[in-house]
Every structure is written in structure tokens, then in C-alpha cells.
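Two complexes are shown next, each including subunit A; its partner changes from subunit B in the first to subunit C in the second.
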Partner chain A sequence: MTFWNQGKALGRWALRAFSSATRSSRSATPKTVFISQSDDIFANLALEDWLYRHHDFSQHRILLLWRNGPAVVVGRHQNPWKETHVGALHDKQVVLARRNSGGGAVYHDQGNLNLSFLTSREGYNRRTNLTVVANALRREFGLEATVNDRDDLVLNGNYKISGTAAKLGRPNAYHHCTLLADVDLDNMKGILNSDDCGIETKATDSVRSPVANLSSMHPGLNVASLMGAVGREFLRSDDRGVDLGKSAISRQLGFTLVNPTDDWFPGLEKSRAELASWGWRFGKTPDFTVRREFAVPREMCVTEGAKLQVQMRVVKGRVASMSVTVPPGFVSNAPEGEVAVLSGLEGQKFSEEAVGLVEAAFAKKDKSDKKKRFVAECVRRVVQ
Partner chain B sequence: MAFRICSLAGHGLRGAFLPKYTQKQIIRCFRVSPQFLATVQFNLSDIGEGIKEVTVKEWFVEAGQKVAQFDNICEVQSDKASVTITSRFDGVIKKLHYKIEDVAQVGQPLVDIELEGSEEAVKPEESSSSSSSSSSDSDGELKSSAPPPSPEEQMPYLFKSLAAPAVRRVAMENKIQISDIKGTGKGGRVLKEDILAFIEAKKAPPKVVPKAEGDRIEPIKGVMKGMAKTMTASLQIPHFVYSDEINVDNLVLVRQQLKEVSFGRGGVKLTYMPFLIKAASLALKHFPVINSSVDSECQNIIYKADHNIGVAMDTPLGLVVPNIKRVQTLSVFDVATELNRLMQSGMKGSLKPEDLTGGTFTISNIGIIGGTYTKPVILPPEVAIGAIGKIQKVPKFDAKGNVVPANVMYVSWAADHRVLDGVTMAKFSNKWKEYVENPHSMLLDLK
Partner chain C sequence: MVVCSVVVRRLLAAAPAAPRHVFTGLRWVTSTPVKFNERKYTDKHEWVQVDGKIGTIGITHYAQDALGDVVYAQLPDPGQEFSQMDECGALESVKAASELYCPVSGKIVSKNTEVEDTPGLINKSCYEKGWLFKLELSKLHELDGLMDEAQYEKFLKTDDH
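Take a look at the complex of A and B:
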């Protein structure tokens, strides 16, 4: 069992504890709470994935608690350009990540706690997990949270405080959710936009709901105290979410700090690199078409209310084809109607780089600067 | 010719020498009966949580692709859950019922799979890979050996307990309950080997072959890992061949002298093989990596302490490769005795399963039929094999430049290039050649 023999305290201690834990109650599988010491979203996602792929959960359950620096995390089959303003993320120092589970887009920052309940496929049960969290909130903070029919945790019947997603495979499965402890909600609203950006796609949609921070209901509540509360509740509950009493905690395997690195989890670095790669984050976007119209400034075109339309077909995150439809009277010495622009653009990543190419291409062709710049500007707005 | 005979060795190995099943197994080998190629509709099983339909998001297989049980078939999504669907059967995908983004219904067919009939060809790889992977863990991967519970069974008669149709027939013929047998295949499947071992154990107390101490497991690292990575093709062992010419004048003399002595001791026939086998064992002492086995994912090498050297034999029922156990502890005479016993058993068709399993290195004496340079096929999980060509009298130049007759024998070694390189094999061959060309030198290394 190479994982346990890494020579860290984790292995030796947990191994000894296993033998004593099996003597405990039969309906309570031995449990551990892992707390990640990293706040890198990719490392944490890689850690969750590593445990899902490699750990034996037939006699063990793990609750992994983690938090990250500012990030937007989209679901496995979502379109990031639809969920957020990708071009602006860099300036705001927010990273974009794609997780392995389904569901919608969420915003993480240091005020958000992530919980991953890792079990065997047979042990998977979302409602049980969410009930445990609700119990924790009630017991330690006196907050009344309920689980609604979309499997969201809702406070006082109104405000969503958690988003949920899951991944089921064989032999393992996990259910993870967020908890808004003390998140910068304004920032979040600005980033998770639902602007009509002209994208037509079959990618998973996000369903939006009004949200609130737990700290607004209970001043002084922060991620650290939340970790303790949820962890303890997890340890004292049995496999169906029924509380076994405080003494049950000491019969479990307790809290462990883990470090998502190759030393602890061989192969993790490779997984992290893959999750951080462009090919995963953007390349895995389901194929889509984006179409936007822009009003042409009066001085560039004789006709009233003229519109320029830019259309692109994006496959695996790269531009497969692009066309610009110019209104009549826009360009005096070029054919009107759809202008299939440069095959040089095909295969380019759907990003600012593509715009740069359009500009360069136009600069070669025509002298009417302003109009070309206008077209390029339209393309830029499409891409963002 | 020689090549083909060598490659049959793996297939004939399991089925050929178990008296009761002999005829039936061989026939099953060569006939493809329609009932073993049934196409099964694999339904989308219940995902739980009252979910009735899901969207197909990604396919991991396509029509015509071979799948094994537990391979990933596709990924579906239902609201917030992303579910990976794995195959319940071994076989070939015949048809995908949905395209990406289609809505799939729970309980309706997802894919059609044509089931694999007989498991003959797969057997040696499978059973040996599962036994070596359970003794070592790579990347902390823990393989649970208990069969996974699967409450939703679409084909109950095939999968009550995990075993292939061919295996079930053998069990039925012998009135054995499959559930009584502990499976050693993937996911706890019962393999033909398990049943045969079970039967043998029931019949007579098994001859206790003393377990070797000193087996050493070493993960593949560094340069070797690089070599392993670049050399591994998907299912095949990458072979390379090293051939050489041995002057066996001295060996011929020695054998002449000792033939009578050996015969005098209970009629033991002394051929060249005992010398060649013992020389191989002595050489293997210097190159233990050649007496190793590697698991199917090429993650670990297991250095075997015992030299169980297999000898390919042509018998009335085909080619078999029984092995002589612990050659490192045997004298040349012991090897000859054991070899005689195996040959006689082979002729009669009474070789036992222990004789046929546990080999760590093989020598094939194809020279008794003919041939010079050959490319023998390695028997997994071994990593090397040698084939001896026939002894010929050829003219050679001696030290003074005169032409003299010499008895010359050709040897070809094939080795697993993921684990062994040319230099190792060459050095091993030279060591072996030293002993064979100068049999007296073996006296120095007798233990």
C-alpha cells in the first residue's frame, strides 16, 4: 500500500487507527476529515480526483475540506464564455477552472468552504451529506438550513448558501458542495454574469438563485470555525446522517492535514498540470456557435440602422470557422453580404489572440482604417 | 516453422495436459460455435435518486472497439451528477444507441456488446497479471479483490458469480459450484485455472513445492522506466533476439563419457539438455534480472529466487512447456532425472498442473527437429527465452590457421525489451556459452 507508506505521519497513524476503528459501530464506516493545506484550485481538484481514482472506500469515508484563492469553477460540460467574462478574469486575478463533476458555475474565494464527501459508489448519498451539514449549522451556530428539492442548502427558505455537484463512477463516487461563509458577493455577482453573449450551445446551463453569506446571519462565523463544525458533525454521524452522539467522534479517525503534492500522492502533479491546461479548461467546451450584432456608426454606412454581424463556430475551444456579414453600403469596394474571413484564423484559440490576427489581416488589405478597426473591435467583443 | 511452434506454446499450455478435459478443450480451441458470440444489450442501469433520464455527454468507446469488464463506456449527466458508466461484460462494442447530447432513458439499451466466447487466448496474461499486481501496489492503487455488488442485473444467468461461459462449463462438468471457488481474475472472477487448482486440491494432497524465500520486488525506475515506457506496445511484449554460435566439441565428449554412467544409475537418459539447463541456471545467478517476471502494466519487476526452467517438449498432444523446479539447487544428474520424468509424463499425457506453472525461464530445444537461428516467443510473465538449434559439423579455422571440423550449435535468446537490454542478454549468453563450451568449468561453480 504505497500511499500509506509514504513515510508521513498520515500513513502510520491512520494505519494504526484503522484496526481500532473497525471495532466501532457497524453502521458507521470509519471516517476521516482531510483538510487541504493548499489554496490552489488546480491542486485541490487534482487531490479530489486522486482520492476518487485511487483510494479504497469500501471501509472508509473521507470528507475533504478545501478552499481556494479567487476562482470561477465551471462544470464539466459547461461553456466558460457563457458563464463569465473570460477576458476580464485575468485583470481581476481570478482563475478559471473546470471540474470533473457536472452542474453549474460557482465562484470561489477565501470566504468559501468546499466540502467533498468521498465514498464508494454504494455509499453515495447527497441528501445524507447535506443533512449532516445542516445539522452542523444548527448545532454550532443555531442556523436553520434546509435541503430543497434541487439539493441545495437554503437558509430561512430563501437564500442559497451552497451549490452541489457530484461524480459517480466505479468503484467510487463523490459529492461536493460549497458553503458561502464570508464570500465577496459583489465580486461574485460581477463575475458570474448572465449577459446575453450570443452563444448558442447545448452546454449545461447554470441556474441562478439569490444567495447570502452565512456570516450575515451569524456574525463571527468564518471558514475556520465552519470547518471544525462540519468536520465534527461528519465524524459523529453514521452512514445515514443520524447523529451518534459526541462520544462517537473519538472513535473515528479524526482530522488530518494533507498536502496535495507528488510526495504524498504520487501522480498528483501530472493531474494538476492537466487540470490547469488550456486544453482541459477551454478545449473541453462543447462545440458552440456565437453570433453577435453591432450597430454600425452612422458615418461608416449610408443606410440607417445598419448592423454588422460576426459569427463564429468554435470547436474544442478553437475557431473552426468565422464569418462577418456586412450591411449594404458599408464597404465601397468589396462585395457585400457574408465575407468569409481568412482561413488563417481557423484553429486559433477563441481568445484575444484571434482578434489580433483579424486586425493584422485587415491591415494588409484595405486603407479604410476606421472601418477595419471597427470590424476588429466587433470581433474582440464577440470573443470576450 | 520454428517460430510458429514456439508461439503455440502459450496456447497449448493450459489445455493440453489435464486428462479429463483434454479432448474438449482442444476442440473448443479450434471451433467457433455461434452460441459463444451472443450480442447483449447493455441497458442503462438505475443511477439512483429517482433519476429517469440523463444526457449522454461523452463516449469513451466506439463501434468495433474491444472492451473489458469495468472499462469506461461513457459519461452521462443528470442535473448535478456526472456519472461514469462502466462495462459489465467483455466483448466488442457493436452499436451505440445514443449520440452525444442525446437524452438516454434509464432501463433502456445503451450499447450492444458482442460477448467474447472462449477465454483461451487471454488466459496466461490475465491470471499472471492479477497475481503479480496483488503483491505490489503501484501509485498507491488499491485493487479490491471482492466482487463488486451489482444489484441491477440485466443478464442474471451469465453473471450470478463472475465467470466466463467456458469456465462455467468446466465447473458444471465437474459438479462444482462456482461460488465455492475463490476467483483470482480481475474483480474476483473465477478463471479456469482456479477451477483446475480446486479440483487438484480435492483429489490428492498437492505435492508441496517449497516456497522460495528471497523473492525481491523492485519498482521500475530511472533509465529502465524510460526504456519501459518507450518500448511498451499495447498488448505485445516487445521482443528482441540475440543469437550466437557455440562450439560444443567439449560438450559432445563429456556427454559421451557420462552417458553410460547415467544410464547405469537407474536408466536415466543423459542428453545435452541437462547440461544446457544447468549452465543456464549458473549463468542466471550472475544476471538475476533475466530470471524475473514483470506485471502486465510493466510497473514492477519481481526478481524470482528460484530458477524454474521450462523445457519445450513436443508430445503426441502438442507442444507443452513443463518446468524443472529450483534448478539452482540441482546437479546435472538431478536435472537429467527430472527431465526424463517430465518427458515420460508428457508422452503419457499425465503432466500435473504444478509441472506446467511457475516457470521463470524457458529453453526450447527445437534443434532436435531442425533449424538454426530462430525467434522464439516469450511466455509471459517470463522475460526471456532461449531456443537451441541443431548441432552441426562445420569446418572451422583453428589457432594455426588449419581447417578443422567442429561441432557447432546455434542459440537464439529472445528477451523482453521493456526490462532487458542487449548488453545484459549478450553478457548472459557469453557466460552461458563459457559453461557450455567448457563443461569442466561447471565443476568450479558447483554448490
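Take a look at the complex of A and C:
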């Protein structure tokens, strides 16, 4: 029996068993906790998306628990270059992903637990979900977590331990959030930067907050124990987050391990490939302009305090136009002012590839290696 | 009272042609043909207003209120083609990213760049300045399956929305 047939059979049994057992609490939709076997961010995002698109949540709710290897996950309408040093991620072995829900950038590693509450559109209520999580933390770890007015879970009124985002469609919707169990916070702070990188854009911003790990408040707490605690609380709560008691757990559909592959979820691999593609991760960036100024070294220019400006217009992740404004006296054999380096750059991905082309373009204009390298270095810093 | 104001708005929005004067022998009688460009609605709380073959699409007051302040509008690009109920964009508010569904099949003719620059227009003026995109309908008969204003108002009163 395939997983899906099993799931359907379980669902039908549960509905029959449930409707007779719980006539007094009709607001408790049958529930299952899924735990993903994968730590690949793209496969897990694809799994969440698959369930959102294909499953009937009118009589069923799912809490999907998942964790990933190191990754920066930006919101659907964010600019990754504004949120992190994209060029440095590869060396740090951190991948960049873009999710389908809104909100700001987060950092995942194996110490972070992701929770996705999948429901019908009518069943969507993120405050209820966060209340269930807060109840779990209190019941099993004695931690005082509250939901603030930004719908963030905070510990002791101060520290953000969770980031939340949601996607609303019809007929389904989901709310997902992170939980900082035991994340490498130094790594996270280094990666989610807020340097002024000269980007002007309408992309959604991240709102920064002081964070803390749950394990710092309760030694021994880890992702595995958290999964159990939150899963059990979810199963024993009704649709409004009210606790029905421990015995309610056995009347639900329990925990199920799932594997995000085509065998289990037909079509998932295609979705994974799309989520991992450059076109989704970078090409979906809202159009932006980046403008940076660099002080020209004294020996390269007759004027004191001269500045070189690089400006680029980036559309769908590719350079649409670029101009370099040089100060007087910088380039001896070329006119001063703006040097439009358009040809050859248009259509190139906003990345190190653009740098190589600028170097080549300037080689024709000025034979001085130092100046050529300086301009190329400025462009490199613009594209990070 | 709401229905009254809605009916009045519709009449005002109709663009009357120049009055025709008919001489009946004793006095002039004026008859003004009225053209209704009435809005049609989907159960996903989007509206479409058709002029010839071009439809203007937006979201309803109920939808913008449920969304909260829109912080980003991701609209479809001119040239893209969609079938009825395809996902064609998204509106992000502080609460969530909500899908936009194309209410009728067709090819995108233009998008509202003012709304891209100032997403708040959707909240302030969802039927006028906050329109989202225009498309050339490929299947005009799809309009028959959509709700008119009265049906939509009734739909809002049910539990199923």
C-alpha cells in the first residue's frame, strides 16, 4: 500500500472513530504530525508546497516538522543581496533559499526546528498555532513563552525564539515558524548582515530582534525533544488551541515519518528543482538599483578626495544597466564623467560574472593595471 | 443602505452616451442609453470590470480588509497568459503572502505600476486607484459564471467565504 493510500485509509478510519468519540468537541479536526526525513531545504520546502497544493484539509490538519542543514531563507519578495553576503555563502557552505510565504530572512541549521501548520483557508489561525507552541514549552520544559503583538513567540518578554510567516490561498493555507532550539547564533549573526550595501528597492525588509536559544534557558533541550513536545501538544489541542487533555492524543492520527521524494509525493522533484533554481532564488528578486561610492587612492588621481561611483539597475536578478562615474584625472586616455559600460553587461547575472566583463571593458580604455584592478574591485564589492 | 450606495455608484460609473432627442410632435423627449460596465466577482474576493474585451481586475473591500496593510504587490507582467483561476501573482501584507488568482482567462495587457510603487493604494482605493492589472479576455463567456454585485453581497453574508 502506498503511503498515500495508507494515509487515506487512516484518515477514513480516524474520521469514523473520531466522530463518535468526540461529539462533545466538534471543533477538534483530525490531526497528524508529519516529520520529514530530509534535511535538504529545497526538498522540505517542496514537501510543504506539495501538501498545500494537493491535500484536502477540510477534515484534516497537519503539523509538518522539519529541519535543514545551514541555509539562509529569504521571504518571497525579499532581496537576498540586502539580507546577506551572497558571495560569501558558498565558502561557508550555507545555501540560499527563497520560500513562498512572506516575511523576513532567517538562518537555519540543525539546531533550528521548523513547524508548518497546514489547514484549509477557513482553518487558518496563526495566533492559535503559536499558543499551542507556547503551551508545549510551558508544559514540558517549564518555559514562559508568550505571543507578542507582532505575532512573534518571545521568551521572558524579550528574546525572540521564533520567526513566523504565512501563505494564504484557496482552498488551503499554511503558517510556518522557526524555533531556535540550539542554533549557532554567532554564525547566524555573521551571516544575516545589515550592512549598508547601497541598495534601493521596494523589496520587503527584515525586522531585526535580539534572539536566544531555548537550550540556553533549559539545558538539554534539543530539536528531537522539541519535536515530541510540540507534536503532542498539537495532537491534544482543539482547533482553537484549547487543551483537551492527554487522552485526546490517542484519538488522533499520531506521528508519521515522511520522505520528500517523487515516490511518496508525485511531482515533488520538479517542485524541488524549481525552488533550487537560480531563476526562483535570485531571479524573483524585486527590481532594484544599487549605488556605491569608493574613495580613489591618492596616487591614482590628481584630485584630492576623489570618488568613483558604480551604479547598477538589476531586473529579475540580472544587470539591466550599469554605469561607472569616474572623477577627473582618473582615466588619462578617456573622457571624464560617466563611463557607460553597457555592452556585454546587459543580461548578465548580478554576480562575479559582471566583474570579469568590467575588467575586460576597462582594459581597452586604460593600460594601467592598478586602475583597472581598482575599478574591478569596486564593482566586485557592489555585487558582493 | 449599503445596497443603495452600491447601486448609486454603479449608475454613476456608467458612461452615458449623448442624449438622443426624439420629437414626438408636442414636446422633446430625451432618452439616454445607459451602458453598464458592471463589476463581476469571484468567490476568491476579486473583481473584474470589462470594457469590450479588456478586463480590469482588482480585489474587493472585504479582501483588502482581511489582508491588512499591503507591503508588496507582485503583479503579472504584460504578455503573460493565464487560464481562469491560475495563480498569477501575490499580495504580501504584514500578516501573510496571499495568492492572486486570475478571475478570467486571457493575456495580460498592463499592470498598475502605481500600485507596485505604493501598495497601500490597494487598501485605500481597492476599486479605483488600487486596480491591479488589465487583461484581454480570451473566453468572454466565463463572465457568466461570476457573481454580480448583489450575489457577491449575499455570498459575503454566508459562512462559506
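In this text, the second predicted complex is superposed on the first by the 357 of 384 C-alpha atoms of A that agree within 3 Å, B and C clash if a C-alpha of one lies under 4 Å from a C-alpha of the other, contacts with A are read in each partner's own complex, and residues count from 1 in each chain.
Note that contacts are C-beta pairs under 8 Å (C-beta built on N, C-alpha and C of every residue); 3 or more make two chains touch, one makes a residue touch a chain.
Quantities reported herein were computed from a predicted structural model and do not represent experimental measurements.
Asks: Sharing subunit A, do subunit B and subunit C clash or fit in the superposition?
Replies: clash
Asks: Tell me which partner A:Trp280 touches in the superposition: subunit B (first), subunit C (second), both or neither.
Replies: In the superposition, A:Trp280 contacts neither subunit B nor subunit C.
Asks: Output check: A:Gly267 vs subunit B and subunit C. Expected answer is one of first, second, both, neither. What do you get?
Replies: After superposing on A, A:Gly267 lies in contact with subunit B but is clear of subunit C.
Asks: Tell me which touches more residues of subunit A here: subunit C or subunit B.
Replies: Tallying touched residues of subunit A, the top partner is B.
Asks: Examine A:Gly169 and indicate which partner it touches, taking first as subunit B and second as subunit C; both and neither are also allowed.
Replies: both
Asks: Is A:Phe294 touching anything from subunit B or subunit C once the two structures are fitted on A? First, second, both or neither.
Replies: Neither partner.
Asks: Looking at the overlay, does A:Phe255 come into contact with subunit B only (first), subunit C only (second), both, or neither?
Replies: Touch partners of A:Phe255: none, neither subunit B nor subunit C.
Asks: In the combined picture, which part of subunit B sits where subunit C already is, 146-154, 218-226, 326-334 or 434-442?
Replies: Only one listed stretch clashes with subunit C, namely 146-154.
Asks: By the touch definition above, which subunit A residues appear in both interfaces, subunit B in one complex and subunit C in the other?
Replies: 75-77, 100-103, 126, 151, 165-170, 202, 204, 286
Asks: Which subunit B residues qualify as touching subunit A in the complex?
Replies: 47-49, 57, 70, 72, 75, 77-84, 86, 101, 137-142, 144, 146, 148-149
Asks: Which residues of subunit A touch subunit B in the complex?
Replies: Residues 1-4, 54-56, 58, 75-77, 100-104, 122, 124, 126, 150-151, 164-171, 202, 204, 265-267, 286 of subunit A touch subunit B in their complex.
Asks: Can you list the residues on subunit A that touch subunit C in the complex?
Replies: Subunit A reaches subunit C through residues 75-77, 100-103, 126, 151, 165-170, 173, 175, 202-204, 286.
Asks: Which stretch or stretches of subunit C touch subunit A in the complex?
Replies: The touching residues are 43-44, 71-72, 74, 87, 90, 92-93, 95-99, 101, 116-117.
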